[in-house]
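Chain naming follows the written order as A, B and C, and within any one chain the residues start at number 1.
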Amino acid sequence: MSNVIQNNLELLKRLHIDIYNHDFLLTWERTNDEIKAVLTVAQLMNNLHKEGISFRSFDTGLAISIFRDNSTRTRFSFASAANALGLGLSELDEEKSQIAHGETVRETANMISFLAEIVGIRDDMFLGEGNKYMREFGAAIQEGYEQGILHQRPNIVNLQCDIDHPTQALADLMQLKNTFGSLENLRGKKIAMTWAYSPSYGKPLSVPQGIIGLMSRFGMDVSLAYPEGYGLIPEVVELAKKQSVQHDSKFEVVNSMDEAFKNADIVYPKSWAPYHVMQRRTILLSNNDKPGLKELEKECLANNAKFKNWECDEQKMKLTKNSEALYMHCLPADISGVNCIEGEVSKNVFEKYRLATYAEASYKPFVIAAIMFLMRMQNPAEKLQAIVNRNQKRSV
Amino acid sequence: MSNVIQNNLELLKRLHIDIYNHDFLLTWERTNDEIKAVLTVAQLMNNLHKEGISFRSFDTGLAISIFRDNSTRTRFSFASAANALGLGLSELDEEKSQIAHGETVRETANMISFLAEIVGIRDDMFLGEGNKYMREFGAAIQEGYEQGILHQRPNIVNLQCDIDHPTQALADLMQLKNTFGSLENLRGKKIAMTWAYSPSYGKPLSVPQGIIGLMSRFGMDVSLAYPEGYGLIPEVVELAKKQSVQHDSKFEVVNSMDEAFKNADIVYPKSWAPYHVMQRRTILLSNNDKPGLKELEKECLANNAKFKNWECDEQKMKLTKNSEALYMHCLPADISGVNCIEGEVSKNVFEKYRLATYAEASYKPFVIAAIMFLMRMQNPAEKLQAIVNRNQKRSV
Amino acid sequence: MSNVIQNNLELLKRLHIDIYNHDFLLTWERTNDEIKAVLTVAQLMNNLHKEGISFRSFDTGLAISIFRDNSTRTRFSFASAANALGLGLSELDEEKSQIAHGETVRETANMISFLAEIVGIRDDMFLGEGNKYMREFGAAIQEGYEQGILHQRPNIVNLQCDIDHPTQALADLMQLKNTFGSLENLRGKKIAMTWAYSPSYGKPLSVPQGIIGLMSRFGMDVSLAYPEGYGLIPEVVELAKKQSVQHDSKFEVVNSMDEAFKNADIVYPKSWAPYHVMQRRTILLSNNDKPGLKELEKECLANNAKFKNWECDEQKMKLTKNSEALYMHCLPADISGVNCIEGEVSKNVFEKYRLATYAEASYKPFVIAAIMFLMRMQNPAEKLQAIVNRNQKRSV
């Protein structure tokens, strides 16, 4: 057994956490110790997996996923995490565009939860709706549990909503921790979370919001950059600013990719739709106003086209610390000359960091497994110690 | 370990049952002892689950589901039951409207069954077809087994057909048993199985038929109520009558919701399409006659609209025993002012019994698990005793 | 424990194989010993299953399937095999018609493989594409593994491509082995792999190619028959010829079903689209040229119709060895008077051999499980010995 496993186990024992039987909806609802606990357990499970050791924790039980928007990598990350923990996977296949609130949520939430341990939800299409839906779901199963309908209350993990994408942001943080050696080493590092040009429109705000909402807590200097008019949800930006003050680091909003890249240790160039466009889009989607949506898309793409120079290319990378900032992306990226004519990142820059982005993505199944484990286990360190001692190989 | 578990185990040992390796297609093909065995095992598993004890019974093996009509709660109940028993779930995704009989059933049935333990089938759209399909499927795998193609013959569980909905009716009976304290206490209780108004049409007959076909055997007085012309399959009504005579209880058919509700201990107001409409609809569906179906729907909804007063409201509930009969529904209900303008039940009545209907639904995964277990285990009491003694926690 | 199990275990120990951690893409890339190892392990697992003994080999882990064309029996075979080995199943649900090469394959392959053991791929629609896609996928995960992104490299099993259908051909060989008593007994037996009439068009070439590519290696005399113009991929026919020379058996191509049937011990009448039609179709499909496809279909069906007498009927069966050659088919067959007016085989012939074709199909889950096992286990005989000794029942 590697030292990494034993060290992470010892670290976990020292953390003060209260994740057991809570939903995991926004990273900023969890303490720094709790964030560290997720990374610690994820790293431990990652190493167990590398050594061929099973961290199966359940004999039976269901992990249910509700994807109200398309997904490939988060879907597989969730499936992988569930399987590794010994849970069976069941997907609730809703009509994607049909947002069902009120009575239906209350009932459905209970109907699918009788033997469930975990419910993973992606609901990121409508501003003001996704996170709210998760909380309505949570309130419904809480009532079901308190009224004796459910023997146990499953916990919800946010697989991307309109506000945050916690499992992505935590996988990103794990990538930073492993790239720079430790969370402590991140202090004073500059991360440029910047808008980038894309030939498509309507990309959610949850990734940039998740990044500024998490990285502002670990001593990193956050530079948020976007063309005028491409702002995020104001409340999340305010929160990130406040956190930076609390954690004694810098936070700035600029309207220039170059400025954000200057001296940056990490760059995260990623397209998104402006907040006010997402607001208009939410109303149009709710009204199923197809001509209106078409018109908005046209207007929006025309506006995007003014900012084609917001591309992460080799010239811009030269502005960064020693010309070699770490490039990050949640994938898939719009790569100029590969899957689009002009996009978020040039072919050369992406190719240089391609495997780094794969490594970044590789942490997500373990982050999700760690969150599931911490939500379901009252004494997680004790239980993990038992799993480590058990030393059960994954195959005969 | 709770007394409930030990008591149910003792009860099971005293029952004379022959469920092993038989399909479970209609409740009235099973003896009272066999019905009791299902409830007994379901209750035992329910308590094991409540105490966090696994009742996993299979190391590997498949439970296959074939849903020829939409389903959320039965789908999740089946998935939950399969997972709790340790079986993997595989769904056969057929074209929903394509009814494939003859050669194809014979072949497909064998092709998917090589490593299967259980096949769950929902086929409730066509009168005269669903149950028949299940029997064709059963005959095909019986041949496959007898001819040495299949190492073992999987068993079929009816997840709703044109005639019966046994897993629903059994969950309902379990709810009655737990509400009134015992099966014995149900003797002399009056249950009103009544049609109710709905703004939709074409709802299957299997729920009301399942209820009158099962409850007429446990000493309950059954009052079946519907507006003139809304009859069920005549043979099932005849069977229910006969059973009532055999079990020394009452059975009546009335054309008034009020009359059925009078002094009732239990009310089950639920919409369905008239038998003769379902017959016409089956022919139109078989011919894929879309204008004909549209015409029938129009005619039918117009007819339904004459009976909007068949709504279970507070006034009607006052007619019941002490004004507080147990309200039952298989869910989802058409609730006036909630998910429709006028429907089966008023908002206030539904809200009062909402959690009771959730509890009713909560038994279904355990009923299905119990049926699966009893179909596959030659000495179920012995095996359950071993599971109870094993005392394996569901998680580390 | 039956002797069959012990004998196959001893046989496996004597074979020289190098399957561990290799993809399984074409039978002719594997040595005769490796082919024998697959049949040996499949037979052993088949017997363990028959005796109710589990051959579960994994505690956790994913088997991922990518079906770029429809499938029922291979899908269930793969699901059954994965479940029997203890692997969870996850399907990648791509747009069926969208062939995504280049960057996307490289990325997707890694994104879904972090916790995967096996990836099963069906991609048989486009000549020159399917097998190539599998190799691109393999190269991508190989890079991911070598660069430290993947802890382990999953292995790919070809579930049908444009060139070969190895799991089908191996199940067919297993059927021959069991019908004639041993692989050795197949020497000198004549197998007629012949085209047959079908009222549909565009059926893949992989089954006939798989058959001539495998059976030409086990001493069987292969007679490949088709109407002029209905040739297979020339390179595969060349390969089969060469193999026949190496293994000292006969190989012929004839343009008469009668001639192929003459004195045959085994007949495999099965429709396919001519090679040059598949080439044209691939271009039309790539260009999404619907009128062109319609035109090609029309032309092709008209051409097929000239060969309606290529039906396997009782008269033709009389030409075979003692009038009782073994009839084989990968199913579903086009059966005259059953699921089409005129087809590949007459009703009487099919009915006589129907159960034999079911038996043939029954080996596929075990063949797939055997391939998976051999790809993942470094010392398969030792591991199987442990599984046999463990003697774990499949159910409590």
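The working rule: a contact is a pair of C-beta atoms (placed from the backbone, for glycine too) under 8 Å apart; a residue touches a chain by one contact, two chains touch by 3 or more.
Because the structure is predicted, anything quoted here is derived from the model rather than measured.
For the pair subunit A and subunit C, the CA-based superposition corresponds to a rotation of 120 degrees in steps of 5.
Although subunit B and subunit C carry the same sequence, what matters here is overlap: shared residue numbers make up under half of all numbers found at their interface.
Taking the mean of the C-alpha atoms as each chain's centre, subunit B and subunit C sit 41 Å apart.
Counting only residues that touch two or more partner chains, subunit C has 88. Those residues of subunit A that touch subunit C in the complex are listed here as 49-50, 52, 54, 56, 72-73, 76-77, 79-80, 82-86, 88-89, 331-332, 335, 338-339, 355, 358-359, 361-362, 365, 392-396.
Here subunit C touches subunit A in the complex through residues 57-62, 64, 88, 90, 92, 102-104, 107-108, 110-112, 114-117, 144, 147-152, 376-377, 383, 386-387, going by the rule given at the top.
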